[in-house]
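Each of the two complexes below includes subunit A, the first together with subunit B, the second together with subunit C.
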Partner chain A sequence: MNALARYGLSRTMVVLVMALAVFMPIGLVLWQSTLNAPFFMPNHAYGLDAFRFIFDDSDFWSALKNTVFIAVSMLVIAVPLGGALAFLLARTDLPCRRPIELMVMVPVFVSPFVLGFGYVVATGPVGFYTLWVQNLIGTVPWNVYSLPSIALIAGLTHVPHVYLYASSALKNLGSDVEEAARVTGASPFEVARRVSLPMVAPSLLYSGVLVFFLGFEIFGLPLILGDPEGHLVLASYLYKLTNKLGIPSYHLMAAVAVCIIGVTFPLVLLQRYLLRSANRYIAVKGKVTRQKRLPLGQWRLPALALVLFWLLVTVIVPLSGITFRAFVSFWGEGVSFAEAFSLHAFVEIWNQPNLLRAVLNSVLIGVIGGGVAVMAYTAIGLASHRKQDGLTRIVDYMVLIPRAVPGLLAGLAFLWVFLFVPGLKEIRSTLISVWLAYMVVWLAYGMRLISSALLQVAPELEESARTLGASAARVSKDVTLPLIRFGLLSSWVLMFMIFEREYSTGVYLLSPGTEVIGSMLVSLWAAGAVDIVAALSLINVALVAIGLAIALKFGVNLHE
Partner chain B sequence: MNKSTQHDALHLTVNNLHLQYGDNPILKGVSFTLAPGEVVALLGASGSGKTTLLRAVAGLEHPSQGEITLGKTTLFDGAKDFELAVEKRNLGLVFQSYALWPHRTVFDNVAYGLKLRKVGTEETKDRVSQALKNLGLGHLAERYPHQLSGGQQQRVAIARALVYNPPVILLDEPLSNLDAKLREEARAWLRELIVTLGLSALVVTHDQTEAMAMSDRILLLKDGRIEQAGTPQSLYAHPESLYTADFMGSNNHLPANVVQAEGSMASIEVAGRVLKGVCKGIIQAGKACTALIRLEQVRTNAEGENVIQAELITSMFLGDRWEHLFHLHNGADTIRIRAFGAVPLATGEHQLSFPADALWLFPTA
Partner chain C sequence: MNKQRRVMLAVLAALPFAQAFAAVPAGYPASYQAVIDAANKEGKLVVYSTTDTALMQPLLKDFQKMYPAIKLEYNDVNSTELYNRYISETAAGGASADVLWSSAMDLQAKLVNDGYAMKYATPEVKNLPDWAHWRDEVFGTTYEPISIVYNKRLVPAGEVPKTHAELVTLLTKNTAKYKGKVTTYDIEKSGTGFLFVTQDAKVNPAFWNLAKAFGAVDVKLQSSTGGMMERISSGENLIGYNILGSYAITRAKTDPNIGFVMPTDYSLVISRLMFVSKTAKAPNAAKVWVDYVLSRRGQSILAMSADLYSVRKDIAGQASGDYLGRVLGAALKPVAVGPGLLTYLDQAKRLDFIKQWKQALGR
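Moving on to the complex of A and B:
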């Protein structure tokens, strides 16, 4: 009760609940990995059999190799392209910047599974673009199912992640440093390479580690694109393990999970360290007072063409593929769009209760779940707001832990929690189970939104209320919360989009009543229902688009 | 308008206050009292700990030892590890940035302290209106802070801190956010307000003119300690250290050697001339010392004792007077001497006299 006296009841409670939500699932995974049988079996014993099994499995090693290959390729592709894109959009007079800036964000908010599916129907062996190109030149110069293709697509779809960090750093750079280089005789290309990008090197380094880290978590793209030729990555290996031995092989899955976390957690710590040291770099920059865009001159149109080509490959090809596929009932060589056109898939969704429920649940979890998640994150944010004590440090580190756990694993861990913690069984078949898992998986993201809103409040505004006689709780209610109202609404919109996008976390929690579009897509894809997957994907994209439209209307900063 | 009766007459006492951030000591044992109706200025350079001291009194910083009491109420007691929460101290604090809440009107900003004290709606209305009227803001009640000028915002901040009649009002650099021109007017206005309302106030400032004009007493802080405390006149005219002398006014510094010390006076040698001055601290014959004289004490074209000859380099017109710059050749070095005068002087050699009681001799550290 010492902590209660020191930190206050409400703060302690908030942090305790948070600790429970964070540590219970991860603790269960760690514990399970040290058993040689699923923990609910009566004869389980401690041992490292699970690790021995997967280390003897050649599939595990090939999955690891593929994962490393994909992660490194993503790094090599996304960092230079993301940096270049950020430079063009943030610093130069590239035409059509505003619409491009918006389009760039699409791969961030559209589920990778949906994008992967889009590539299958657009550029797979009988994809729309494949057939079109074949008719045009008689051959198809790509194989979207090969490992290099998967790595290339993964790299291209992660360009926005680098762009986000690089552009926010570039926007803080004074234009005087670039003008100095121009005056000395450097071309725009030279300016980017020798001045602007080196000056934001810490942000590029950070985003490089981030992309590499995301490469280790990657699941949706390789699940869809890697299946035909049998390319596994760690996450899809884990997913396939479910049925490897016939019985639920939880101990093996836990062992793979521990291996993944063993790589991702150090990467998360590295990111945290880099972000802190990047902030220390802030002293080195020009005057921000005057921002003038660098004229590209003759490079203007070539640069635009390059950016548009990237957008075409990364956004337009997969999304147009999904849109086409959703409105045809069958597709193949020699089929014309007119004869195959049908609304059959949408009718099917309307008529099948579980599909309709998935759509409704997705809306619910985005709107209500997103809203409640923002409230929960705000409670945590306020519990550590302007308090530099032990409790705040604990919260700081607790936020990092779920970040290292890929959604698929988190969903699995939550399944175990709901199945085997007495009293939680009833929650398991409700949407609350999925929502809890989503909330913990996106804890770090949500907390960043809330803390950047809280950082906008000048400390004196709160201190003045204290000196006038308001208690800390009263200050939160009367000053802090009203002042961050817009930040909270923005966070709500962003959480809505993130929750619509999420697909892997719900996979293991899928059961009658807990369907969401994301997890339904994975399960329908496994069952081969391509029409329905296409239609549901389109609905998913539409929901995200609604979120984007609302965000734009209210001027929400998407670059968080 | 005598409202002093509304303010409880309480002494604010700070005793041996220590405060540190991590291993970095900010306050190293500060003690002072603030009597009812008195205005005390906390003066010091940046980093001297003046704002930290004010915030510690308000309860926004956490001292490590010492005591703060207000009347019979203990605000902080390091020995008992007791700290009264900020909101229970019932002080008024005006922030440097004013810290007005942008989401509330002027009226709501000012009324918040009364709302927290559960004052009825009618009475709140009366008291807020009265406070706004006292500060010349009567017509702005419905505005939002961003619609006000800097000076008006400052008045709202003061009204907000005064409306519930705190026994002591704390002002953090109250004039620093105003334009230079506005600042002098606001200084007079603030002093008038404090005097007419009979407030007890603790004012933080880094500007010695501001401190002297506004306060009854000045605490000059240096490195977390009180360097010297006293009335503005005594700090200006009787500095006990070189630091105080330097901080409080504009001075000429003359490197000197002590020829002979007798009682409170000493003879020194500056650039081959012997001058007489007042000893401030231990001055011993044969040692070096720093002779210091305020600009306004230097007499030009004077005869008699304590005279030195220097070359006029230029005269600068300041509007109400002239400032002359002289060079005094001391071997290879040049000593610069500045002085004020009513008229410009012709270039060439001039006789400067330093009245012996205004030439202060500080031991060279």
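Moving on to the complex of A and C:
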């Protein structure tokens, strides 16, 4: 009652609902990790057996070692490349900047599962490109299933994450210092290394922590590429535990999840701290009077070649692999395209009700689910908008919590919530269950979109409405919301793409009626229906491409 | 008027069928009519199964034709998922499957052993071999030999192993050629693969030699049949061990790269097990379904359309396990349905076996 009086009914309600959605699944995971059997079985007891088991399991330690190796490699690869890419695109006269800027975003919005699969069919031991190179030079200089390859691919596909933060910081810099360096005879490379990039060091640091953190949650790529040689990471180890003992080992899975959260949550807090200090740092940038692009001179073409090579490796190779595989019924050494060409996979999708439903559901969850998610995020955003009190601080931290939980496990936790919380059982077999899980998993991302839209509204506009006697609700409805209309629309498009991309959260929620392309892919891959996986992946990429096209048409800023 | 006439016609057309099909099948006791009536009244049946919907389509359609009043909801999920979903849904007290039908024989046996199955003496049980049913609760529905699959383009006919011993010889003699080119289940990720290998170890005294030969050629472990098949077809791998024969037969029909053999020294045979849930919402519809799947009619459709050999003793022609028995004779070793399946669900025993297997592979 006290809280109600202090914070108002609607704000309190919004925050309470949010707290339920965040803490129920997390609480279940924590509780489950302290039991020695699934919590719903009659014979469970408390104990630390689960942790004892995984700490005794050599697989756990090798998974941990691989995860650290991959996360560190990602950091080492993505930060310099992402910084360089941002410098080239934001500060220099590199040719073809517009189309490249667009292509750069592809790895962010295409599911890592789809990319990983693309690498297998394109560059696996008998992949399309592998066979081609083998014919050309007689040998294949790579092994896509090795741990360094996985780390390299993970690093290259996370370059855009660094690029995003570095480029938005670089765009805010004045070009006077760079010009000064150039005039005194520094090469473009030196300008980047000694002037521009150091000036955006906080953003680079922040994105470095982000990439390292994403490395700890990485699942799709190692699931596919690590399988043939048995390279595990923490998330795929967790997935493997589904089967290792023959019967479900939820307690072990929960214990692994707790270990992952133990690493990721401090990283999330560190990110939050860095982001704040980064903003402060940028704030002292001085006056940005004019920006001039730095001429690259003789480096223009080599720089372009480098960027195009990166695009080739990270975008074109896997996506062309998928496209090709979707149209052949079998493939391998000595098989010609004409002989193997078939539309069988697409016909199959059309004919199998569950596959067709997966495609339709994916569109639904992206368009409608994405839209409703934006509304929910907006409600939360408004609840803490322009109010610096305890409730806002609680919301701030609560937003971060789901961020630390791997999507795979969040999905499992939501399954438990839907099964065992009275009244939610009916929702379980509907798409709403998947949507709720997606919404909580992407809470932090969505809230960032909304709050950056809200921050663009100048406070005096709302204040003047208040002075004229409008209620808080009225101000939100008639002033704030109309002003951020465009921001909300673009958030919708971005949420659409993110929801299309998501694959791990739906895995345990998959049941007739809740199929989405992402989780179907994981399930079909496990069953080995490779041609269907290829065709569905292609459809998935097409949906994302439609999202991108719409975003472009409306001039949505993808760099949120 | 026109519309009325059409409705009339439809009713007239449906009448004789409804009567003919909802009648007691030949050889069943007259009291069976009560079961059918109750099933029709229940009106809905939920089946969880590990067999692809696409493969089952003809069977499902035929069942619907026979019992149009029972709405059939067929959910295909993988075997672990089936187990997990069923026990958690049952624990939550909500709606779950009426019938569970899975190729993971050990998990099915565990559910039966843990008391999840309803007792049901199906009139069809006399047509099943003794190994294929247990305690009047769980029934084998198919007869599926395990095979060795190979790439026809890249493995010359002379090298194709016909027995387990020949496979060992091939791998030890041609270690260089087959290095990294042999694939089998990762038994830590696949319950089915685990079941096959433990049965191997039981039947074949020389099994651990085979495991060592696998280790010497750096065998590639996969979590699914489809994954192995794909890689054999593409030539990334050449030989696949312990692959379900039914999948090999189906794939070989459309994929010219795939060849398969049932080993002639011994071939394991597994069966998809089916039981009715004790907490079934539609126990009578479930009974009708079980009887239908085990009937001559159901078994023939399974064999014809899904390449799943019939488990019945009385089906002639190439589709029956009986026929296979005449070809392979005593080499066929069906995995018996019973408590023997539970051995390795004991955590310590399972981990020990995995350890031994990994050691033999040199992992």
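As a convention for this text, the second predicted complex is superposed on the first by the 556 of 560 C-alpha atoms of A that agree within 3 Å, B and C clash if a C-alpha of one lies under 4 Å from a C-alpha of the other, contacts with A are read in each partner's own complex, and residues count from 1 in each chain.
Assume contacts are C-beta pairs under 8 Å (C-beta built on N, C-alpha and C of every residue); 3 or more make two chains touch, one makes a residue touch a chain.
These figures come from a predicted structure and were not determined experimentally.
Trainee: After the overlay on subunit A, what do you see for subunit B versus subunit C, clash or fit?
Mentor: Superposition result for subunit B and subunit C: fit.
Trainee: Could you say whether A:A338 touches subunit B, subunit C, both of them, or neither, answering first, second, both or neither?
Mentor: neither
Trainee: Give one of first, second, both or neither to describe whether A:P482 is in contact with subunit B, with subunit C, with both, or with none.
Mentor: Only subunit B; A:P482 stays clear of subunit C.
Trainee: So, does A:L9 touch the first partner subunit B, the second partner subunit C, both, or neither?
Mentor: After superposing on A, A:L9 lies clear of both subunit B and subunit C.
Trainee: Quick check for you: in the superposed arrangement, does A:I137 touch first (subunit B), second (subunit C), both or neither?
Mentor: Neither partner.
Trainee: Which touches a greater number of subunit A residues, subunit B or subunit C?
Mentor: C
Trainee: If we overlay the two complexes on their shared chain A, which of subunit B and subunit C does A:D227 touch? Say first, second, both or neither.
Mentor: Second partner only.
Trainee: In the overlaid three-chain picture, which partner chain does A:P38 touch, first (subunit B) or second (subunit C), both, or neither?
Mentor: Second partner only, subunit C.
Trainee: Subunit B and subunit C, closest CA-CA distance after overlay, in Å?
Mentor: Shortest inter-chain C-alpha distance (subunit B to subunit C): 50 Å.
Trainee: Would you mind listing the overlap between the subunit B footprint and the subunit C footprint on subunit A?
Mentor: none
Trainee: Along subunit C, where are the residues that touch subunit A in the complex?
Mentor: Counting only subunit C, the residues touching subunit A are 52-54, 73, 75-78, 80-81, 83-85, 87-89, 91-92, 94-95, 106-107, 110, 151, 153-154, 186, 188-191, 194, 220-230, 233-236, 254-257, 344-345, 347, 350-351, 354, 363.
Trainee: Of all residues in subunit B, which touch subunit A in the complex?
Mentor: It comes out as residues 58-60, 85-93, 95-97, 99, 101-103, 112-113, 116-117, 157, 160-161, 164, 170.
Trainee: Under the touch definition given earlier, write down the residues of subunit A that touch subunit B in their complex.
Mentor: Per the touch definition, subunit A meets subunit B at residues 458, 460-461, 463-471, 474, 478-479, 482-483, 485.
Trainee: Quick one: in the complex, what on subunit A touches subunit C?
Mentor: 38, 40-41, 124-126, 227-230, 240, 242-248, 329-335, 348, 351-354, 415-416, 419-420, 425, 428, 510-512, 523, 525-530
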